[in-house]
Structure formats: C-alpha cells, structure tokens
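Lettered A, B, C and D in written order, each chain numbered from 1.
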Amino acid sequence: MCRWLAYSGSPIRLEELLVKRDRSLIDQSLHSRQGATTTNGDGFGVGWYDDGETPRVYRSTHPAWNDRNLRELAAGVSSRLFFAHIRASTGTAIQETNTHPFRSGRWLWMHNGLIREFPKLRRELALAVDDSLFASIEGTTDSETMFYLALTFGLESDPVSAVERMVGLVEETGRKHGVEQPIQMTIATTDGSTVWAFRYSSEGDSRTLYFSTRMEALKALYPESDELAGLSDETRVVVSEPLGDLPGAWNEVPESHVGIIQPGADELQPFTPQR
Amino acid sequence: MCRWLAYSGSPIRLEELLVKRDRSLIDQSLHSRQGATTTNGDGFGVGWYDDGETPRVYRSTHPAWNDRNLRELAAGVSSRLFFAHIRASTGTAIQETNTHPFRSGRWLWMHNGLIREFPKLRRELALAVDDSLFASIEGTTDSETMFYLALTFGLESDPVSAVERMVGLVEETGRKHGVEQPIQMTIATTDGSTVWAFRYSSEGDSRTLYFSTRMEALKALYPESDELAGLSDETRVVVSEPLGDLPGAWNEVPESHVGIIQPGADELQPFTPQR
Amino acid sequence: MCRWLAYSGSPIRLEELLVKRDRSLIDQSLHSRQGATTTNGDGFGVGWYDDGETPRVYRSTHPAWNDRNLRELAAGVSSRLFFAHIRASTGTAIQETNTHPFRSGRWLWMHNGLIREFPKLRRELALAVDDSLFASIEGTTDSETMFYLALTFGLESDPVSAVERMVGLVEETGRKHGVEQPIQMTIATTDGSTVWAFRYSSEGDSRTLYFSTRMEALKALYPESDELAGLSDETRVVVSEPLGDLPGAWNEVPESHVGIIQPGADELQPFTPQR
Amino acid sequence: MCRWLAYSGSPIRLEELLVKRDRSLIDQSLHSRQGATTTNGDGFGVGWYDDGETPRVYRSTHPAWNDRNLRELAAGVSSRLFFAHIRASTGTAIQETNTHPFRSGRWLWMHNGLIREFPKLRRELALAVDDSLFASIEGTTDSETMFYLALTFGLESDPVSAVERMVGLVEETGRKHGVEQPIQMTIATTDGSTVWAFRYSSEGDSRTLYFSTRMEALKALYPESDELAGLSDETRVVVSEPLGDLPGAWNEVPESHVGIIQPGADELQPFTPQR
C-alpha cells in the first residue's frame, strides 16, 4: 500500500512537507500507521510545476528515506503545485517506470490501491488504450494502465467523467473474469492548475483520503514554520494519511467521492463508475 | 547496438569469457570495434544453467565494466551453458526488465538489433501475443516482444519455425505501417540443451554473428588457460563480435541463416520469414 | 540496527535460510521484532565459500526484499559456509562499500551494533590501522574500521585476542573522548572453516545473539525441507534474531562471550576487552 | 579521465550546457576526443547555487547519458553558478560519495586527473587532514582527499595558497615514496561567488583546461539560444574540453596557472606548489 500527498497553494519548498516533520511523507514511508503494508520502501517519485506548462518528475527506486538526492531536491525546489508518492509494490517490478507520479503532457497522475488480479485483466485493459497513446506506456503497473485508460476516455477535457468511465471499464472487465471486487483506489490527478482527488473501491471500503480544509489548522500544525505562515488561504494539502496528529486539521473524503481543488471554492462530488 | 555471447560445452567459470581476456565481452562493452554504437553501458545480463531445469538470471542496469557483483558472480559460478548480453539502448528505458537475457520457463532469449519504428508497431505486435503469455511481459523492449511472439508461435516445440513466423509477422506489420526494412537481428535462444543462433535482417545486411567451430582454435586462443585445456570437443561459443584476433578461430554465420548447437553434429540452415 | 546470519555445515542453497521461510532473514528485514529499528532497508550482503579459499561476496544497496538478483543468487548458489547481513544504517552513507560482510583475503566479517559517536573517534581509530592495511579500507563505517583494527591486532592468527584488543582500543579511545559506553556489538567472523561469534557491549546490555545448538531442533523447524533433512550433525546457524518460533531451537549467547563453531566440539568462552 | 564544466554568470537552465548541444558535457561523456579514457560512464554530479548560501548537489552512479532524473533536473533548475562533473574512475569504487563535486559548507570542489599510486600515499595524506575535518570525509578518492587537504591549508581564506600547499604536500609525500610525478590535475573550486580553476601536473604536461573569455564568442556558438542571448558580459564557462568547434571561442589556460573568475576583471596567475 502506497502513500501520497498533493499540494496546491503558495509556493513552498518541497522539504516542508516531504522531509522535515516527524510525520512527513518520508517518515510515513518507514512507519505507516493506517496502511496495509508496514514499509513503503519500493521507490518514490515527486512531480512539480515551475513556470513552464510541463511538470518536472524525479523518480527513484531507492527507499525515500535514504535517497540523498531527494533531500537535496526537496531543499532546492519550491513549487506552487506538487505531487509526491511513496511506493509499496503489490507485485510488479521495482523500476523507475513503475513509480508514480506518471506524466503525460502537462498532466500528472498517482494512485494508491490496486486492480485485483491485474495480470488476468492486463491484456484486455491494455487493448482498450487508444492507439495513439499505447506506445507511451513505459511500465507494467495497474496504476499506469488506469492513467492511460483515463486519458483515452477524455481526462484532458472532463476528468471526473473520464475516471468514472475508466473505473467502469475496470469493474466490467474484472467481473467478466470472475473478480468480485476489481478495484481499490485513491487517485490524484492534475493539469497544473486544478487537482482532482478520487476515493473509490468496488467493495465500498476504500483506503483513506484526507483534505486539509482549513488553512488555519495547517498553520497551527506547523507553528514554527515561517514559510507556512505566509501561505495563501487557497493553499490545500490532500494526503492518503494525515500528517501530524492535530485534531480538526483533516477532513476525510467520504466513500465514492471526488474532491476538486481549484481557484475559488473547492468542490466535493459523488463519484459513480460509468459504462 | 548490443553485444552478446552464448557458451555451450564443458562447465567453465563465467569469468573465463566475460571478464578475463583483453577481448572479453566486458572489454567489448567499453570499446566495440564492429558495433554501430561506441559504448555499451546501458546494463547487462547473464543467464546460466546449473543442475536444475530453470536457468538463473542476473541482470543489472549498471555498466558491466564497473559492476563488482558481476565479477564476483562470474568468478563464483561455473556452467555448461550460459548466455551473456551487454546492452546499448535504442531508446527504451534503462531498467532490469529491459535487459537480456529474457527467461520463460526453461528458455532463455537474447537479441542484438532492433525493430525499426517499434513505438508505431508496438501495440499491434503486443496484441498478437497469446493471451496466456501477455501478463508475463515485464518490460517495454522490441526484443522481449519478439520473444513472446516466438513463444506464441511455438518456440518450445519448433524453434526455427516459430522465429520464422515471428519475423514474418514483424515484417508484415512493419510494411503495413510504411516501415521498409522492419527488422534487424541476431538472436540466441536455448532450452537448456540446444542453442539456436539466428542472423537475419529485412535489408539483407545483418549485424555480425560468429561461431567458434573448432575447439582447437579456441584452445590456441587461450593457451595459458588450464580450464579451457580440458574442454570437450563439443564445446562451442557463439558471439556477436569475435573474442580475440586469432585468424581462423571464428566462422561468420551467413546472412539469413540459423546455426544449431546440439549434441552430435551442429547444423547450419537457411532462415526464411513465414506468414 | 542490523540483522545477520552465519551458517556452517552441510552445503545448502542460500535461499533455504535467506528467502524461503516466514521468518527468514529477508522477512526479518521487513518486520523485525527484537530490533531497535523497525525496518532494515539500507542494503544487504551475502558472502559464501565455494571450493576456493577466497569467499565470494554479493552486496547491494537495494532493500533485500525487492532485489531480484539476490533471489536468483540464493536459489543458484549452495555453500557449506555463508554469512548474510541486512543493514539499517546508523548514519553513514548507503553504498556497497558500507555493506557487510567485509572481506580481506579469505576472511569475512559482519557486525550489528555501533561505535557511539564514531565521527568523533574515527580519525584516531583509523590511524591505529596498520599501514599495509589502510589503503584497503573502502567505506566509512565503524564496522569496517573494527575489522581492520582486528586484522591489525592479529585476527588471522588469534581471532579472540585480536577482537579483545580491538574492543579494548575502541573503549579506551571512546572514554578519552568522553563517550561513556563506546561500543555495542554482535560480530561474526570466519576464515572459511571456523566461525567466531562475539556478543559484547560496554554497558553490559548487548543485542541478542543465538546459536542453533541442536540439529534435530532445526530439522523440526523445517520438517518439509528435504535439503535440511540431510544436514550433518555439525551443522550450525548463528543469528541475531531467531528464525521461527520453535521452543527449544535456539540458545542465547550470554553477555560478554564468544562462541566458536569448529570441527569437533563447539566452544563458548568469556570475552574480555584488552589493552 | 573525467570531464568537467564550471559556469558563472547570468542564470541559465543547466540543460543549456549539460544536455542540449551536440558537444554538451553529456555528449562528451559518450565520446571524448581529447581524453585519455574513451568513456566516462562511472557516475556524474551537479552542484548549483540558488538563493541560499549552501549549494545543492545531485550525484549519481549511473552513466550521465541515461539518467532521466538528471535531464529533469537540468531542465527544471536555473542557476547563476554551477559545476558539473562526469567521472571515469581511476580505480576507486563507483559510489555517490566518490562522485564530484564535493561540498563543504558553501564550497564546491571538482577534479580531473589523479594522484599517482594513491593507495600507497593515502594514509599519510589522510593523516595530514585537520582533526575537525576528518570525520566529514565520506568517500575514498584522491580527489576528495585533495579537497580536505586544501581546506586544512586554508582554502576558505586564501584559496590559491591553500591549493599550492596541498599540491606541495602531495608532491613531497609522493617523492618520499618513490613516485616521480605524483600529481596530475585540473581543479575547479568556488565559494559561491568567485571560481578558481587550476591547471598543474608534476610532469609539466597537464590535462587541458579552457576559458570562454569572450561572451560574444559564446553567443555566436549558440546563435539560436534565446536564453544565451540575454547573458551578461561577465558570464564565463570553464571546461576541461571545449564545447563545440567554433574557432576563437576558447582560450587554453597555460601550464601551471590558475584562472580566477570574479566580479570585475578576471585574473590569470602562475601556480607554484609550496612546502
């Protein structure tokens, strides 16, 4: 079971949320409390936006906690929007092309969960990927296949509908092959300005997903951070497991919902797989 | 352009052919003479048979010349049949699952060359892989796709015919997409007792492939090697580029041929793609 | 805190003790029960003897649990005497030259524990290493420095005395610099026939160390293993944490003692640092 | 033999000089023309200054030409002062702590060349490093030892004199041990504002070192680069081998000299080892 974090708001150094705190994402990779897997040492990735349209991606197969380059990067890079992901493989190979976030054009995508019995479904799902996108698949994970299916179904024009269709296809394909609960997921995706965060599972018992809805709560969590003190009211963090233990700082996204972080009011909508 | 070596005969330590000599495979990876690429530093792999049916495989993304574990392994492992491959990527990612030799059951497979414009053909070729084999594809290379196509076409029962059908399909698919000369290859494959070595290219101008046909020549090449002195008369080496400069030691495999190393007399047959 | 295992006896495949069991060393690297560190993901190493005098060493900075080459090696290599070590760094860099076991000539050495405030003591300890040995130091760990000090003090002729002198020097040097409890260690070393296993700490509260004293107990632990069934009565395993939960299978080495595994009767002696 | 590049001037993206051009540093790592080694595939490093005092360092043991993270970083990071180095090992281990540039506080250091018979001299040179600095040595290269000796001799207050004393010590120590020509070097070091570039060898036949003295020449070399068009007149590049073939763009630093890039007029001074 993986761990991920999405940040959107005033530019901060990546290390503020990835490295520095007792309950940072890297700390979580060593000691997860709510995760199904005890250790997340099968690689990690960071994707961030700077002044260009295309995000930068740094991915490695080393455990995050002992990668010096990650610490240098996290100290040296500031960003207004970044994704970070720490992987615990559910069986596929430990290689950079299997680490999140995945990138296509200006989009990023990361996932926690799995398609159950993916080896059995992989070929049929791969065939549903659009011809023009197929050659860009570089790895062998269920997560990357889900990304390319969502792109096939129009992620770039209507993200919620595209992910609903992707999940619909996975569930239909899975059940055709006798898989009762085909999908388990929390997913984050972004085009560089809006962030969509999905929580869904076929069995209606999804892995956790949290929004930091109140900026004042986050600031209370890091009172000594001058950098955080200057964050805009629009600043939001979405995580698979809360950072820190401050009561009231985090709101759990309900089952079968998608949260949308955007300029102006954020949104929370029901999520329904489609065929 | 890659480099490879196949050995069959009296058990020897891998280091005898991989590490020790001035013109060993590792030395070739630093300074290739006949290759199209100046450096082969994009990973390597070794596959060998011990007393079991399933070969062992050691693959790494480090350059072969600075991998200490390879030297330890090559010094510690003796084998009667082994493959070694040094990679120069033609574009796909540098990761273990893209390094040769590839393995399926008791079979090994390695390749030097390429399918031209593979990204354009990849999806259609992948779809031709048998459903039961598809989920075992771990990497993204043309070489691994060729292996799974050959397995689909019956590699395990009639290897020559299976490879002829695989090449026929690649050429047909390529030409359908406007690729004039779709394939360039030297390939070695084995089931643990017989070795098949193919040389073919659509343009009739294939990369080099050599057999050491005379054991006495090989022994003359390594006069100081006590280990080689005791090699059986059936011992053979197949290489993409000759080891050493001894005149008469190596015989080039002709264009569009397959050589078969087996108990008893070896064979050389014409190779003709089939549809 | 690291984990290690030393095996001496009838030749077995490394995977029997490293990979296969629920409580194998690799499993321990993910979920340690008695260790001070929750995860041992900072690299690993294996050293084994074949028919030559010099042991082979395979070391990697990947977490042991996701290194495919380790699994291949452990399945392909049999040995009558091998060491395996899984590292949790106490601060020094994650690199192959800092992973155990360390090798010098036909000797292997591995360590669990630490020299406290090693950065403060490092220079003075390094200067005590014999001139002829100094250039062979490749890494930066306390463990490797301890090995070279022991070699300096005659490890090859009188191992127990050499380690007692090494510990005496570390304690003297530490206390001179104000370190109250300078050393904490369990150490295994071998010349390829005898194995010495030390348990000692300045504070008299050392990390655990266990011998499998009764072969019948080990066989009872792995009843389904045909390979273990054929093990000689001299076969012994020494571990930092017991493999499996079988009552009676493991005997704890007492504080400040060294166990010696050798042809004929094994020995257990008091261990006293010397100056 | 290594390759390196130092850039000082108007902020540019690292990729402009590391990745983009036919004769970029990465291209040189594959095909060096003036180097003694044919391939530089034993790791690389980049050090750069952003708005803080401490430089950031990214170092890897992968060949530079196939490291995707380097390409991302070089595209995402702009800097007014950066060092880049591509390594060809002269014998020491391939590990991050042996790759350049080395960092201490706000200083960076990189080196092309070697101390001859370094294993013989290593201990005596290491003992000359100041006690307070010794514990910061992380690797095993001659280059890093030279850095810590220069720091010991006052690099931070008088860099030219400190390097002259370091070279004096190396030559004296070498000759005492029967090494006739102990040192061969081009070195760059910086405190984040001034860059010192040294060219020296005991035999008076040093490896090459070039300054781009005229900004208009550099702009002529990259006419299509809008980013270069806006570079300040103070912008300078120092390289071990010229980038590109434009006549007149590069000036060779003479034997036994040090060039100093600084605000205002740059300087070129004779360099004389001292004892």
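The rule we apply is simple: contacts are C-beta pairs under 8 Å (C-beta built on N, C-alpha and C of every residue); 3 or more make two chains touch, one makes a residue touch a chain.
Note that the structure is predicted; figures quoted are calculated from it, not measured.
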Treat touching chains as neighbours and tell me the shortest step distance from chain A to chain C. 1
Between chain B and chain D, tell me the centre distance in angstrom, where each centre is the average of that chain's C-alpha atoms. 40
What are the residue numbers in chain D that touch two or more other chains? 68, 93, 96
Thinking of each chain as a vertex joined to the chains it touches, would you call that graph a line, ring, star, complete, or other? complete
Using the touch rule from the top, collect the residues of chain A that touch chain C in their complex. 30-31, 38-39, 41-42, 61-63, 65-66, 68, 89, 93-94
Can you check the complex and tell me which residues of chain C touch chain D? 93, 95-97, 119-120, 122-123, 126-127, 129, 131, 134-135, 137-140
Given the complex with chain D, which residues does chain A contribute to the contact? 48, 50, 56-60, 68-69, 72-73, 75-77, 96
